[in-house]
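First chain A sits with chain B, and in the next complex the same chain sits with chain C.
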Partner chain A sequence: MGKVRLDESRHREMAAGLEVSLRRLAPFLTIACLLLLWQWISSRGIISHILVPPPADVYQAFIDSLADGTLLKHTVITLEEMLYGLLLGVGIGLAIGYAIAKAPILENILSPVIVAFQSTPIVAYAPLLVIWFGSGIASKIVTTAVIVFFPTLVNTIVGIRSVSPNLRDLMRSLKAGRWQIFRHLEAPSALPVILAGLKTSTTLAVIGAVVGEFVSQGSGLGYLVTSARNLYDTPLVVVAVLAMTAISLTLYGIVAYVEWRFLVWQRRASA
Partner chain B sequence: MTLSLRELSVSFRDPAGGALPALGPISFEVAEQQFVCVVGPTGCGKSTLIRVLAGLLPPSSGAALCDGEAIDRPMRQFAIMFQDANLMPWRTVLDNIALPLEIAGVSRPTRYEVVRALLPQLHLESFELAYPAALSGGMEQRVALGRVLVQQPKVVLLDEPFGALDALTRENLGRLLLRLRRRYVQTIVMVTHDINEAALLADRVIVMSRGPGRLVADVSVDLPRPRRHDMIYHQAFLKLTKRIRASIDDLSA
Partner chain C sequence: MMNLVRLMIVAAIWLGLAVSAQDELVDERILLTFIPNVQFAPFYVGVEDGYFADAGFNVSLAHLQEPEVLDLVAVGQANFGIVSGEQVILARSRGRDVVYVFEWFQKYPVGLVYSSALDLSDLANLQDMAIGIPGRFGASYSGLTTLLGSAGLSEADIDLREIGFNAPEVFCLGVIDAAIVYVNNEPLQINNLAADGDCGSVREVDVITVASQVDLVSNGLIVSRAYLEENPDAVARMVGGLAGALRSVIDNPAGAYLASLAHVDSLPADEALLKALESAAEEQVDFLASDPDRGDIARSRRRLAAELAERFDRAALTQLNVLLNTIELWDAENIGYSDLSSWEAMRDTLDSMGFLEDDAGSLQDAFSNRFVTGADW
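And now, the complex of A and B:
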């Protein structure tokens, strides 16, 4: 009797373990299938190699561009634009978001500008930004900052406004000063929402930087894509695009890790 | 510290700009180290009263005084506790209780020492590193009580502190409150819905009426201390709760 139950529970445990590992494995299986499909399509000559280069050609382009340093050079440039843009856009978003959350009148004053910026596609006014900020790194930083600004702003406002009024009363009754209220109440309670916004922002930042590079030629992964396309070097285009994906995923992963590290209390809560 | 309310009234503004009377005018005094319970129908202004005493809400007219001085901001040596434990989910039990000390600028080792000395009395010694999400309702309120006690307040304001708990937990916490009061004697004003709880804990029960809150009965509780839970079966206790009950029923009649 006891043994049967033991076996049963062990069996259930193993089944659950199997399910978890299957679920972890599933994304990699998807990728493998796509690669196989890709290889198959190009090897059968269904589509021209200029349109869809075979994986081997892409791999070769990757090795070549890595060896002569072009890939690294452009990746670093794009990364740099993104990071400065993130810093600028997130910084301004946090500051203005906090100000709006504290003084709602500011929302009425600023909303025309913010809504106009947000509802116009960035690709449309990116050339304007190049005219204003030149074709160097500055215009790309600004495009990134603009695109990253909005989600940060919204999440900051939501985060600060959702601070529990009872906890505000508690802080007041403890005679906490403005700075103490910010540090001990507003910042920690808005942090989860702000980090969630930051995750969105990192993926948007790649878009911002690359749009900037498309519009003003020079350098960066966006430039690599356009220049390779002009030479019909499709494998290199694919390499550049995959590099963008890699950057985006890495930054997202870093923020997700920070979230996991700093929001220990939330982790325990859901366990 | 003594508290006194002089013709205190509060009204809120409705969106159209009209006045919504929420409390008073009401007058009464709370003597030094007296334990006063306030009971009354929902919406009669009990929480409003507590918020005025806490200095969180200015009176519309009249005044709330502490030792003769108007309460026009949160006062030093006052501590407040709400129905909802109001803990910070990102702080451990230890850090939640230590919050008032941290705000007051007490160094970390000192405040942890103070809190650790307090934990056994709250039966929380094995939970100092737990986060609020891992606590039961009763434990959360004990943490909130600890956060009141570290302030070493002279006046404690409690707004239905045990309102969200089951009957047994509420009884335990009531006992804990009395025990702690004996050690750190303070003036207490506590709002509750529970007439038995009021009569069992307090020196005096104040009954308020609705629309807007006025004082309709002021009953002193002459039961001996220390109070024991089985007193609720005594004749004297029953007579007392009947009287309180009757003054509330008069309101709805």
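And now, the complex of A and C:
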């Protein structure tokens, strides 16, 4: 009887382990299936190579662009624009978001401008940003900052406003100063929501930088797409698009890791 | 009662004829570049005045980026497209077997716009100047490379700035000394800004056209080789329809502007201007009946511009003037005809820019004058 129970328990453990492994493998299996489907479509000629280049051609373009430094050069430029744009947009979003959360009158004053700016597609006014800030890196940084600003702002407001009034009262009753309330109560409480906003912002940052590069060309992955497209080098277009995806996923992963590290207390509390 | 029956029989016959005539037309999509604009007037006239219908086509128009136009034609998702000659050379070097069958723009439309205060009588004076360009691609970049090459300069000798399609604004802000533009359009806009005092210290601009230095192949009608071989008759009819429409625009720009109104939303068309253009278009029909030569017709266009300028302000006439400027790039003794030397010059330009890594193949396979040579339009 005892052996049967032991076998059942081991069986359950193995099944659970297998499920975890499968869940970890699932994304890679999806990618592998997509690659196989892509190769199959190309080899059967279902869609012309002109429209969808075979994976082998894309791989060759990746190797070539890596070897001659093209891919790295443009990736670094896009990353630079994104990071500066993120710093600027997130910084302003945090500051204004905190101010609005603390002084609701500011929301009434600023929201018409903020909502109007945010509800207009960035591609519509990106050409204006190029005219105002020049065709160099500044216009791309501003484009990125504008696009990442709103999620940060909204999440900061929500995060700060979600702080329990009871805890705030408790800290005040303990004679805590403004900085202490911010440092020990508001910041930790709002952090999960702010980091969720930051995850959205990092993925949007690629869009901002690339939109800027499409409007005012010269360098970066957006430029590489246009340039390769104009030279009918479709495999290189795919390489540039995949590079954008990789950047976006990497930054998202970094923020997710930061979130995981910083919010240990939250996980523990949940446990 | 009898009359009513007769009327119904006549109406039925008329309707039947109309429907069967409609049935004979083949639906065809022509892919254009840019956006709906008066510069595409030959296509609007072709649709509105029945040139394509007479050729057996019920034509619809779509606007895409040049590489997309070329790829869709190359894979057979569209039969006809308009792209520049350089795109044909580049695309053919990358395995797209398309053939250019009608040279629409007889003169390369790109040039350098600069303040008249600058001395650019010698292009070598461009050295160290800040020059704006939409980007390092396309007709603008080829044009700049050609201009610099003709002055013995290279890109390294100038301060090249990529400004997107914002030349009038960037130029008038004084950020650049000169800009590579489409000569039929932007210089007009800059001159308008300058005349209103909105262009810094610039009062007037001059233009150096690429066409004045080198004859480069420009925009034209393309088809895929497969379509050409299977449907030479259809290609011949489409070329004929386009040529007829183009000739009509060259001969009667007022009429072409009116036909474009159905396709271009932003064309200025207040009642007074419409009346003036309708009257001008009718007068031009009478004038054309007197069998004028090409020079006479060119003078009639200049007369039209001068007469309208006396009655209307610049803003109202900008798009008409864009059309008139563009006609100068289309008009030629043999419209549609393409010169091998202009293809060779373009290939050499692309080669010097390092854009032709792959074999461009035989240029004689890239274009064909067979539908143009000997044609009477």
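One rule holds in what follows: the second predicted complex is superposed on the first by the 268 of 271 C-alpha atoms of A that agree within 3 Å, B and C clash if a C-alpha of one lies under 4 Å from a C-alpha of the other, contacts with A are read in each partner's own complex, and residues count from 1 in each chain.
Criterion: a contact is a pair of C-beta atoms (placed from the backbone, for glycine too) under 8 Å apart; a residue touches a chain by one contact, two chains touch by 3 or more.
Model, not experiment: these values are computed from the prediction.
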Should chain B and chain C be called a clash or a fit once both complexes are overlaid on chain A?
fit
Quick one: is A:Glu13 in contact with chain B, with chain C, with both, or with neither? Answer first, second, both or neither.
neither
Check the residue A:Ala176 against both partner chains and state whether it touches chain B (first), chain C (second), both, or neither.
first
Where does A:Pro188 make contact in the superposed view: on chain B (first), on chain C (second), on both, or on neither?
first
Based on the superposed arrangement, let me know which partner A:Ser227 touches: chain B (first), chain C (second), both, or neither?
second
Quote the smallest CA-to-CA distance from chain B to chain C in the superposed model, rounded to whole Å.
50
Touching residues on chain C, where the partner in the complex is chain A
65-67, 70-71, 74-75, 90-91, 93-96, 134-138, 161-166, 169-170, 173, 175, 355
Residue numbers of chain A touching chain B in their complex, please.
164, 166-167, 169-176, 180, 184-185, 188-189, 191, 263-266, 268-269
Which residues of chain A touch chain C once you look at their complex with the stated criterion?
48-51, 127, 130-131, 134-135, 215-218, 223, 226-227, 229-233
Touching chain A in the complex: which residues of chain B?
51, 54-56, 74, 76, 78-80, 82, 84, 86, 88-91, 99-100, 102-104, 131-134, 151
